[in-house]
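Take a look at these structures.
The same chain A turns up in both complexes below, where it pairs with chain B and then with chain C.
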Partner chain A sequence: MLRNLRLSWDRNQRKIAPYLFVAPFFVLFAIFLAYPVIYSLVLSFYQARGLGSRTFVGLENYIELFLDRRFHKAIINTTYYAAGSVFLLSPLALLLALALNAKWLKLKGLFRVAFFVPVITSEVVVALMFALVFDQDFGLLNAGLRAIGLSAIPWLRSPAWAMPSIILLGVWIWLGLNALYFLAGLQNIDQEYYEAAAIDGANQFQLFRYITIPLLKPVILFVVIQAIVGSYQLFTQPWVLTGGGPQDATLTITMYLYLQAFRFFNMGYASAIGYALVVIILTLSLIQLVAFGTFRREDA
Partner chain B sequence: MAADQTVTAAKTGTPVKVRALLTGAGRLLVLLLLLGGVFLTAVPYIYMVSATFKPNTEIYSIPITLWPRNVTYFNYQQLFSEFPFARWYGNSVLVASTRTLLSVFLSALAGFGFAKYRFPGRNVLLIVLIATVMLPFQVLLVPLFIEMVRFRWIDTYWAVIVPFAANAFHIFLMRQYMLSVPDELLDAARIDGCSEFRIFAQVALPLMKPGLAVISILAFVQSWNDFLWPLIVLNDINMFTVNLGVATMVGPYRIQYGTVMAGSFLSTLPIVIFFLTMQRQFIAGLTSGAIKL
Partner chain C sequence: MKIARASIVWMLLLLALCVNTAFAQTLEFWGFADNRNKWYQAMAEEFKKIYPNVTINIRSFPYEEMHNRLQAALIAGFGAPDIADVEISRMGQFVKGDQVGFVPLNDLIGDEINNLYTGAATAPWTWQENIYGIGNELNAVLMFYRWDLYENAGLEHPGTTWEEFIENGKKLAATGVKTLAINDQGWEYWWIIASAGNGFFDSQGAVAADNEFGRKTLQLLYDLLHTHEIAMVAPLDAAYYGAMQADAFAVHLGAPWYQGFMKDNAASLAGKWKMMPLPVFADGSGAPTATHGGTGTVITNQSRYPDIAWEFIKFANLTVEGQIAAFNMANLFPTYTPAWTDDRLYRTDDYFSGQRPAEIISQVAPLIPPLNNSPYWPEVTDAFTRLVITPVLQNTTTIDRAMQDFRREVDRIMR
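This part shows the complex of A and B:
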C-alpha cells in the first residue's frame, strides 16, 4: 500500500517535473516577449503619443509609412548595406575559409583568432575606433591613400561614400565569423569526394565548382540569411559614426524606428515600423529558402 | 589521360617543375593575403591604444603617428575625473554577470526539460520558440519600453538584466548539449530515489559543464556589448553601462578623442583577454548557429 503510493507519486513527479523545468523560462518569455510582440501589433493600429493618449486609426500608420519618403530612404539604405554584406562579405569570407582550410597552412589557430577579435569587440568601440580610420583629414585610410599618391576620400562626410564606408566596416567586423561558418562547412565535406574526382582528372576549379559549392549549399544559405537578417537590423555603427547622416545617407530602418519612438514619441507609428521590419526580414528569408530549393522534395 | 601526363613529365621534366613553382607562388600569395588581412584587422586596435597615450593635438595632426610622439597619461586621468567611468565599469560587471547567471539558469532548466522528458505540449512550445528566433528584437523596443515605464524599471539594473535574459537560442543550445547525457544515468539516479530536481542539479548539470561555459560566454559578451536597449532604458549617467557610457562620451561639446579611446580600450580589454584565454569555447558559442544545419 505504502509502496504503491510512493510509486504513483514518483510517476506523477515525472509528469509534473518537466513543466516545472520549463516554467521559469516561459514566465519571462510571456512577459518580455510574447506579450510585447502582440502589444506592438495592437499599438501599430493606434495613434499613440508617448505614454499618453491612444486613438484607434486602423491601417493609417501603415498607409502613412507606405508614403513616407524618409522611411523609403531608410529601406533603400538598409538594403544597400544588406546587398553589400551579401555580395562583398560572403564571397570574401568563403575565400578566407578556403585559405584557412588549406592543408599546407601553418598556424591556423592563430589566424582564426586574429580574424575573430572584431566579432567580440563591442560595435560601439569598433565604430569609435573607425572614426579615426575614416576621418577625412587625420584618418588612417586617407593617410594611406595619400602615401600612395591618391587623393583623400570624404568617407563619412559625403552622402555617396558614407554607406560604402559603413559596409566596409561591416566586412571588417563580420569577416572572421562568416569565414568560420564556411570553415566548419568545408571541414564537414568528405575528403573521398575530392579524391575520387581527382582520379577522374578534375582540376582545382572543377573540384570547387562541382564538389565544394554544392555540398556547401546549406552553409551558404545559412550565411546569406544570417547576413540579411543581421544587416536589416543595422543601427549601432551609423548611429555612433554619422548619426544617420549626411543627408540621411546612413539612416537605417532601426534608426528610424528609434527616432520615431524616442525622439518624436510616435509610439504607434514606431510599432508599425517594427512590424514592417518583421515582414521584410521574414519575406527575404523565405525567398532565400525557396531560391535555394530547400522546399523541393528531391533535394536531400 | 593521367598516364599521358606522367609520360610528358618523365620525358621533359618541365611541366612538373613549372607546376611546383606555380603552387609555391600561389601559396606565397595566399599567405601574403592572409597576413595582409591580419594586419588590416590589427591596425585599428593598435591605433586606438596608441591614441590613448597621445594628446588631442597629436591625434589631430599631420603626419599621423602610429606611435605616440609625446606619451601622456592625461586621457586616463580625464576618463576617471570627468566621467563616472569606474561606476560604469562596476555597472557593466554587475549587469553582465547577473544576466549571465540568470540566463544560464533558465536555459539549463528548460533545456533539460525539453531534452529529457516527453510531455504533452512539448512540441508546441518548441515551435513557439523556433518562431521567435527569427524575430527581429526591434519589434519589441516600443512595447518593452512602455512595460519598463509601468514597472518603474527605467534607470534600474532590472531593466538591463531581466528582459533579455530568457533567450530561445540559448535553450536550443542547452537542449543540444543535454541530449548527449545518457538516459540510463538519469534512470539509475531515479532508482536510487533521487527527486527530478536533484537529478538535474547533481547528475545532469555537472556533465554539462562545457555547454554551460559556452552559454555563459555568449550571454556575458552579449550583455557587455549591448547598446540599443541600454540606450533606451538608461538615462541617468550613473546607471550607464560602460558600453553606453563610452558611446555618450562623443558629442558636439566633447571631442577629447584620446579620452574616448582610453574608455573604449579599457572597456574592450577584459573581453579580449577573456577571449584569448577561452577561444575554443568562444568560437564554439558564436558559431553554434551553423551547427543546427
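This part shows the complex of A and C:
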C-alpha cells in the first residue's frame, strides 16, 4: 500500500509539486477571505441578533437599510469625506508633487521624507494627537486662530465642523503618499515633450494643461480611485476622535457597520451594510473607469 | 531488544504526558483593565499556592478588542477563554439572543448572595433572573470638589441640595471658576443624577429615560450650562485634566475608580480635593449617590473547567483578603460586605485631604438606586447621546422635542 503510494508520488511528483507550492495561499484565501465573504452574504438574508437561532428574512435587512435614516446619514457623511479627498486632497497632493519635483527646490529629500512620515505613523496615535490639536479651549488650531484675532471654532464639538476637521486630518495624513504617486508619474514624463512645446512658445500653464495633465491621466485615475475607495472605508480617525458624533455628523458607513455588528450584536443587518458598501464602491469605481475611458478600445 | 527498550521509553513518556494532562489544568482569563488585570494576576499567583496544578493565564487586551474577540469566539463556538471580564455597558449585547454564552452562577453563589451588595455585584450581570457575572466594584458615585476654590469664594462646599449647588455655583463663578464641566457628547452626568428616577430602563426592561425625572435632570444640566452659566462644556479626553489643573472648574462627579484617574492625570492637585455625597433636590427627590461603571467576571460556556473557574472567581471576589487586595491595588471598593468591617479599608487618602473614602462610600452605598440592564443598553444609550444630550446641551432643540425624537428611535430599535 505504502509502496504503491510512494511509486505514485515518484511518478507524479513533478505534476503535483507546483500545486503544493501554491496551496498555502489558496487554503488561507479560502478560509480567511472567500468563506467570510460568502458567509456574510448568506447572513445578510437572516435576522441574527445575539447568540443562538437566526431567522431567514429574505431581503428585509436590505429594505430596512434602504429606509434607515442613520444609514443615509452615513452615506452622506462618507461621500462628504470622499469629496474632500478628491477635490481637496488630490489637487493639493498634485501641487505638492509639482513643488517637490521643481528644479529650484533645495532639500528635496528632507521634504519628501517629512511629508511621508504621517503615512507610516499609527492612525490611532495621530487621531489621539489631533484630539488635542482640535480642542476648542486648549487646542493648537484655536490658539493660532485667536492669535490672529479670529474666534475659536468648535472643531470636533459642532456637527457642522466635525467632518471638515476629519477631512483636514485626512489631508495631513495622506498628502505625502498621494504626492509620492504624482511625483512618480511626473518623473516618468519625458522632458522632450516640454522642450518641444517650449520651442513652440507654450507658457507654463499650457505646459501643465496640455502635457502634464494628459500624461498624468493614469496616475490621476489611480489616485482618485484610491481616494474614493479609501474614503468609503474610513473608520479609525472619526472613531477615535468623535466616535461618530456629534449627532452622527461623522458617522461613516464602516462605523455604522461596526456599531451594528460589535456593539448592537446585529450580525445580519451588519452583513447587509457590508454588501451595500460593496455595491457603492463597485459602482463608483466603474463610473470612474468609464469616465476615464479605460474600457474604450484603442483602435475604435 | 533495542525495539523493546525504545517501546518502554515511549510508553513512559506517554504515561508522563497523560499524568500531566490529568492533573495540570490551565485556564484562560481575558481582561481589558490594567488595574483589574494586575489584581487578578496577583490573585492567580495566590490561587496557585492552594491549587498547585492549576494555572490561570491572565491575558490582557485593549477594551474594544477584548469584547469583540469574546463575541466572535462565542459565535464561533470555540476559542473563548474560561473566564472573562465584561464591562457593564457591554453586557447587554451578550444577552441579546435566545442563548447566552456564559454559565449561570446562581447555584454556585448560593448563600453567599446574602454577603453581596447585589445592586452592584450581580444586578448589572443578571438577565431573566440568571446571574452571569460577579462585579466586585461598589461604584458609589461621590461629589469630588476643590475645597480651596470654594474657600476662596467664602464657601465651605458645593451644597447638599441642587438648589444650594446652583446658589454656591454663582458665588464661585464670581471668582472666575465654573462649578462643573459637563460633557455634551456623553450621557454620564445625566445618568448619575437620573438613576434615582430609573435612569435608562425600569425594572421591567422598558425605556424610562424620558420620564419626568429624566426630563428634570436634563433641565438641571441645561440650566447649569445656559441659564445660570455656572458650568462649562467639558474639554474632551486629556484636555479635561488640563482644564481641571488650570482651576477652570471645581467639581467632578465620579465613582471610586475615578479617584485613580485623577491621581494619575492631575497629580498636582493632591490635597486640594474633598469628597461628599451628591446633592439631592430640595423636594427630597433624587439620590445622594448612583452606580457608575463597573466590570463583572463571567465564566464562558466553552470552559472545560467551569468548577475550577468558579473556585478562582470565588477566591478573588468572595473573600475578605481578595477584596482588600482589590482595594489596595485597584481602588476598587468591595461589593462583598464582610470586607466592609475590615480596618484596612478605612485608610486615609492624602489626595483627598486626609479623608477616609471608605467611610463615605459605605455610608451612601445602601442608597444607590438599582441599575436595570437591558439587551438594548448599547443602542438606547447611543441614541440618547445623539438625539437628546448633544442637541439639548448645545441648545439646538428643546427638551420636549429631543425626547420625542428619542422615543421614536427607541420604538424603531426595540420593535
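The criterion applied here is as follows: the second predicted complex is superposed on the first by the 282 of 300 C-alpha atoms of A that agree within 3 Å, B and C clash if a C-alpha of one lies under 4 Å from a C-alpha of the other, contacts with A are read in each partner's own complex, and residues count from 1 in each chain.
Methods note: contacts are C-beta pairs under 8 Å (C-beta built on N, C-alpha and C of every residue); 3 or more make two chains touch, one makes a residue touch a chain.
Not measured: the values here are computed from a predicted model.
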Given the superposition on chain A, are chain B and chain C in a clash or a fit? clash
Quick check for you: in the superposed arrangement, does A:G58 touch first (chain B), second (chain C), both or neither? neither
Partner chain in contact with A:L156 - chain B first, chain C second, else both or neither: second
I'd like to know which partner A:D248 touches here: chain B for first, chain C for second, both or neither. second
Using the superposition described at the top, determine whether chain B or chain C touches more residues of chain A. B
Considering only touches as defined above, state whether A:F116 meets chain B (first), chain C (second), both or neither. first
With the two structures laid over each other on chain A, which partner does A:L132 touch: chain B (first), chain C (second), both, or neither? both
One more residue to check, A:A102. First (chain B), second (chain C), both or neither? first
Clashing segment of chain C (vs chain B; choices 60-68, 96-104, 168-176 or 348-356) is 60-68
Once the complexes are superposed, what residues of chain A are shared between the chain B interface and the chain C interface? 51, 128, 131-132, 137-139, 262, 267
Contacts from chain A onto chain C in the complex sit at residues 49-53, 128, 131-132, 135-139, 156-158, 242-243, 245-248, 259, 262-265, 267
Per the touch rule, the chain B residues reaching chain A in their complex are 1-2, 27, 30-31, 33-34, 37-38, 40-45, 47-48, 51, 59-64, 105-107, 109-110, 112-114, 116-117, 119, 122, 125, 128, 132, 134-147, 149, 162-166, 168, 171, 190, 195-197, 200, 221, 224-225, 227-228, 232, 243-244, 246-247, 250, 257, 260-261, 264, 267-268, 271-272, 275-276, 279, 282-283, 286-287, 289-291, 293
Touching residues on chain A, where the partner in the complex is chain B: 10, 13-15, 17-22, 24-26, 28-29, 31-37, 39-40, 43, 51, 96, 99-100, 102, 104-105, 109, 111-126, 128-133, 137-140, 143, 172, 175-177, 180-181, 184-185, 199, 201, 218-219, 221-223, 226, 229, 232-233, 235-236, 240, 253-254, 257-258, 261-262, 267, 270-271, 274-275, 277-278, 281-282, 285
Chain C - residues contacting chain A, complex: 64, 67-68, 71, 74-75, 93-101, 184-185, 233, 235-239, 242-243, 248, 375, 378-379, 382, 385-387, 390-391, 394
